[in-house]
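Next up: some structures, all given as structure tokens.
First chain A sits with chain B, and in the next complex the same chain sits with chain C.
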Partner chain A sequence: MFAHIFVNRLKCLLRDRETIFWTMMFPLLLAVFFNLALSNLNNGEIFKAIDIAVVDDNNYQYDQYFKVALDEASKGDDRLFNLTVTSKDNAEKLLNENKIAGYIVVEEPIKLVVNKSGMNQAIIKSFIDNYMQTVSSINSILLKNPAAQQELISSLSERQQYVKEVSGTNAEPNNILNYFYSLIAMACIYGCFFGMREVTDIQADISPLAARVNISPVHKLKAFIYSICASLVIHLFEIFILLMFLRFVLYVDFGPKTGYVLLTAFLGSVMGISFGAFVSAIVKKSENIKIAVLIGVSMTGSFLAGMMYQNMKYTIAQNAPVLSYLNPVNLLTDAFYSLYYYDTFSRYALNMGFLCIFIVIFSLGTYLIIRRRKYASL
Partner chain B sequence: MIIKVKNLVKRYGDLIALDHLSLSVNEGEVFGLLGPNGSGKTTAINCILSLLSYDKGEIEIFGQPMTPDAYNIKRDIGIVMQNVAVYNELTVYENIDYFCGLYVQDKKLRKKLVDEAIDFVGLGDFIKFYPKKLSGGLLRRLNIACGIAHKPKLIILDEPTVAVDPQSRNKILEGILELNRQGATVIYTSHYMEEIEQICSRIMIIDKGKAIATGTKDELKAMISMGEKITVETYSLSEEQLSRLRKLPNIASAVYKNQTLEIKSNKGQNNLETILDFIKREGIQFGKIYSEMPTLNDVFLEITGKELRD
Partner chain C sequence: MQVFKLCLKVLKKNIPTMLIYIVVFLVVSLIMSSALSKEMQADTLFAQKKSNMAFISEESSPLIDGLKQELSKVANFVELPDEKEALQDALYFRSVSYILRIPEGFTESFMKGENVRLKKTTVPNSYSNTYIDLSINKYLNNARLYVRHIENISQESLVQHLKSDLSVNTSVELKNKSDKVGKHIYANYFFNYMSYSLLSVLILGMTALMLVFYNNDLRRRNACSPLSARSINLQFILASLLFTVITWMIMVAFCILYNWKNSFNLNTVYFMINSLVFAFCGASISFLIGNLVKSANAISAVTNVVTLGLCFISGVFVPLELLGDSVLKVASFTPTYWFVTGNNRIAKLAQFNHSDIEPVLSCMLIQLGFALAFFAVALVINKKRRFQ
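== the complex of A and B ==
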């Protein structure tokens, strides 16, 4: 009986073009669209050390503090600048040839010469501003308390670190990942369309088709479970295709924990399907209203998880942290995010825990409604 | 006894859809459930099938109490619901095979049954069609095939001919009689009295959830006082003649309108003869004369005071 129901169900679902479109093609199209829209952002934001020059004159050579600060920022793998120390003429020439984003002339106050404004120029500027601000506070403090010098110097280098982090983090290419992660989460919750259909086709008070299955000599819950297995297989396959597409066509990075990424996708799919089943069972209204509820919840969830506007996620996390745990799309997004960013599993586990609670609630609710086999009204 | 229903009561909120309905269906019958729209036919069927919960009553099928998990009972029932219930994504063949497969596991046997069902409803040319591509009548036939392919002992059809053209309708009715000849007991609901009269060996008339009469069609017609209805086309009939006519024995009513004289007689012998005599005696010129036996509509009308069909 399992094979009979399962195979026929696969046929039915695979031939249901509309559902296949929304659950598979739509996320793929969105992924392509995101990729197009974000690739510019990506180029702009991948942090590459900025080419700059500093005019090598006496002022520069004598300004020890600035020299140290600049050298410090131009060292190491994660340096802020590729620094060229050169003559003023040469610096001017490099700038005109667009070899550098700008050059610095050490005078009072320190001057930045650029020929256009942009992200890189802004970063150099903020570096200089920061330095000068620090210097002025150092000076004022030193006037009062010369002994604090050593401490201040170390705080100065911390300051540089800060400058770098601010610009550096904003420029992380990985920020874009959140868009794709929330897209996967959306694709997972779109499994709700499968869940809805499963309940529609087993609840005789929703469809005459279900009435026909209900009067056949097959246990209702068994028929439901066999059938929903087909939905799960198809949806998992769709999510898998999406993951493959993201990973190997769009080169979206999921970090090294592949097994956990797949586990997350699996639970996401289960959550989506059980969510749809639950809504379909509990909302005693027309199919259109159910679809409206499903799309409404999915889209709001995706929006709050940062799918359309990434900072949304952080705004929620800061101002209404409860909301981020009540939003299954966010839980999934954040789970992928934690897998990528963190070496530890605590945040991931928290997300998964909440997700499982959702799955249990949805499944249990669905079960309690559909286990009844006599209806008060058809 | 195939089905036995005792004192079935079903309420939808304040509305009493079935009011102490009792019925029994014997093996080999074509049992008709006749009633106007909203009289409770579908509700009764769904209660019998344990799809609907009911407030009171007992239901037995094949001598056992019917419950949602009485699978051995369900295995021998075939249902054709009022609403077409097929998968739009499965072809004609696949649909029949799917539903048949819920009853019959053996693949070889199932193939034979499905092929027979397709022959039976005459969908041989359409097995690869999807339901959306079928006309209304063909779709109804598919709906029937899905319900009966597994050769059940008891077949329940709930208005299977709604919105079907006369040709398809006749095919369906003949098919039902054929299934009955092959040994199936049939329950057939309809609000078309002609269909019910045509195929049912026993009929229950229901109205507002109550059984108002049960019997063969002749028994039902015998229940009412009305005999035959005699219609005479005539151009000349005076008021006096009409009132003399009304005084004849066994005449229930006589109305003259639009050059047509309509006489309803009470039950009795030789009613037609008496009237023919009268016409001859009075020298009334006439065109056609014809006599009709009472219909189920007349039965319904006499018992409930309203027409079966609006």
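== the complex of A and C ==
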């Protein structure tokens, strides 16, 4: 009996192209979009040289050191500035037309004129600060050791990096990963469409097909479990394809614990399907309403787990930690992330524990609602 | 005006579905645009927001105290227990964004002029961390100059010198135009997001309309009615335009209501014109899709793929500056890209001379071009499909 129901159910579900699209093609497409949009974020900041001007007056011509420093910073391929040396009026005009980010007037102390405050303006300011502070250091060194002038100039050019990044764990912290992890979580919870169909096709008061199935001499629970197995197999296969696609086509890093990643995906899929079944059993309205509830819950969950805007996840974790444990999408996302990032398993185990509680609630709820339904008439 | 009335009836029936989209999108765009614009504003101020950092030192010396004092200009210190798990969690929940560790023996090696480094663990891609890096490097590089060129300098006098050196600051003159420009960040984000919601709702409504009208039996029935084809088409177009304009008005109204204080200026007018042009472009895209889609089931799939795809590659969800060059090249073949570019340019406008406006106008013209192109393609397909 199992083989018969299972195989036919499999055929049935595979022919439902709409569900297959939403549960498999849609996450794959989103993954491609994410990759297109986000791939550049990790390749470091894209820095474009800043357009600035300096007022060409006696002070500027007289201040040899500053002139050299500015020229140095405006040369080469990885230059900091595109420098224009011009009159004050012209600089003012360029600034008004937004052609430059700001202009510099050499006086005591050096003045920077800007028309708004932004990243570029902060960089210019920091450059000038740095220059003036170094000059101040040099002056006080020369007071004590006048002989050092030549050496000083040469040691000026060799600025050092004094901090190096050490990762808190073996994994590099990576912001982009959360988007992909929450995407997998969304794909998992989209299993709810399968769960919904299973309940629709077994509850005699919802569809004619279910009415027919109910009068067949098969135990209802058995028929339900067999056919939900078919759903689970299909959905697991879809999630597996998604994971493969992410790992081997888009090169998303899952960390070294492959077995646990698969386990998480498995539990996620079970959670998704049982969630759909539960909602479908509990909401006694039309199919459209059920779909609206499912999409509403899974999209809100994904949003709160940071799929659209990553910092959302941290905002929730800081301000309403309870919410982050009540959101199955976030639990899954977090489970993937802790597998990747942490050496220890405590966080992962916590997430999986909560996830299992959800699965138990959904399954038990579904069971209690659909068992022993008898109909006098339909 | 029977056809016109029928169109409105069909659209009215679809209001609940569209309303869900409108409400969800509006809420999301309101949250996102205010969150992002706040983030942007925090980044753009000269008096930067101090970020939180943990300062873990395995030794103590005057040099390190001096460094800590210097860092207090750019960061707040948070006390954390020196345990791996606690530090990881702190980074994870962003209670600190930067952990600096000073290894034992650092001061001694540094004073000898050896090449030593501090260790940092950070939340990646955070602007404020750059300031901490800069600050540390500045302090230690200047210190190195002293150590190298003044023999046997004591730590105390070194710290004294550095303190006075690093208090030198550039004077900045900020022209008062400044706040006017920053004011439009919110509207800029909102209108960018609007391309997503507007496009979704337009596609939903138009396809629903066309599925009814282009049903073959109904078409045959309409063809033998005493109304001329021209009148039918004109009424149909009129209804679609009305629908487009109303959808557009609802969304713009929300932006203005929410952003009441900063709404009454020329920038907002240009934002509105730009989005109206985009709305027409969206209407012609929906007309094209309506001609291609044959079943009601496929509508939501197509809607999502088209809108999400367009918005991801053309700078709605991820700012244009962060997209790769190859993606941008592809994106420049989409109307959304030009809509977003137009919005970004409008947000920066401070003067409204002819030369300032021109780049904005060209964005609008390109969108109009797209609208015409999509419409033309749709007409060709429509002609071919007629009475198959």
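Here is the rule we go by: the second predicted complex is superposed on the first by the 244 of 378 C-alpha atoms of A that agree within 3 Å, B and C clash if a C-alpha of one lies under 4 Å from a C-alpha of the other, contacts with A are read in each partner's own complex, and residues count from 1 in each chain.
In this section, a residue touches a chain if its C-beta (ideal position, glycine included) is under 8 Å from a C-beta of that chain, and two chains touch if they have at least 3 such contacts.
The model shown is predicted, which means the values in this text are computed figures rather than measured ones.
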First (chain B), second (chain C), both or neither touched by A:Gly259: neither
Broader residue contact with chain A after superposition on the shared chain, chain B or chain C: C
First, second, both or neither for A:Lys11, with chain B first and chain C second: first
Contact residues common to both interfaces of chain A (with chain B and with chain C): none
Residue ranges of chain C in contact with chain A within the complex: 20, 24, 28, 32, 35-36, 39, 43-46, 48, 84-85, 87-88, 91-95, 99-101, 115, 117-125, 127, 133-134, 136-138, 140-142, 144-146, 148-150, 161-162, 164-166, 168-175, 177-178, 181-182, 297, 301, 304-305, 308-309, 312-313, 317-318, 321-324, 327, 348, 350-351, 356
Residue ranges of chain A in contact with chain B within the complex: 1, 4, 8, 11-13, 15-16, 204, 207-209, 211-220, 373-378
Touching residues (chain side chain A, partner chain C) in the complex: 18, 21-22, 26, 29-30, 33-34, 36-41, 43, 46, 95-98, 109-119, 121-122, 125-126, 128-130, 132-134, 136-138, 140-141, 144-145, 148, 151-152, 155-156, 159-169, 172-175, 292, 296, 299, 303, 308-309, 311, 314, 317-318, 341-344, 346
Contacting residues of chain B [partner chain A, same complex]: 12, 46, 49-53, 68-69, 71-72, 74-75, 77, 79, 81, 83-87, 89-90, 94, 98-99, 101-103, 105, 146-147
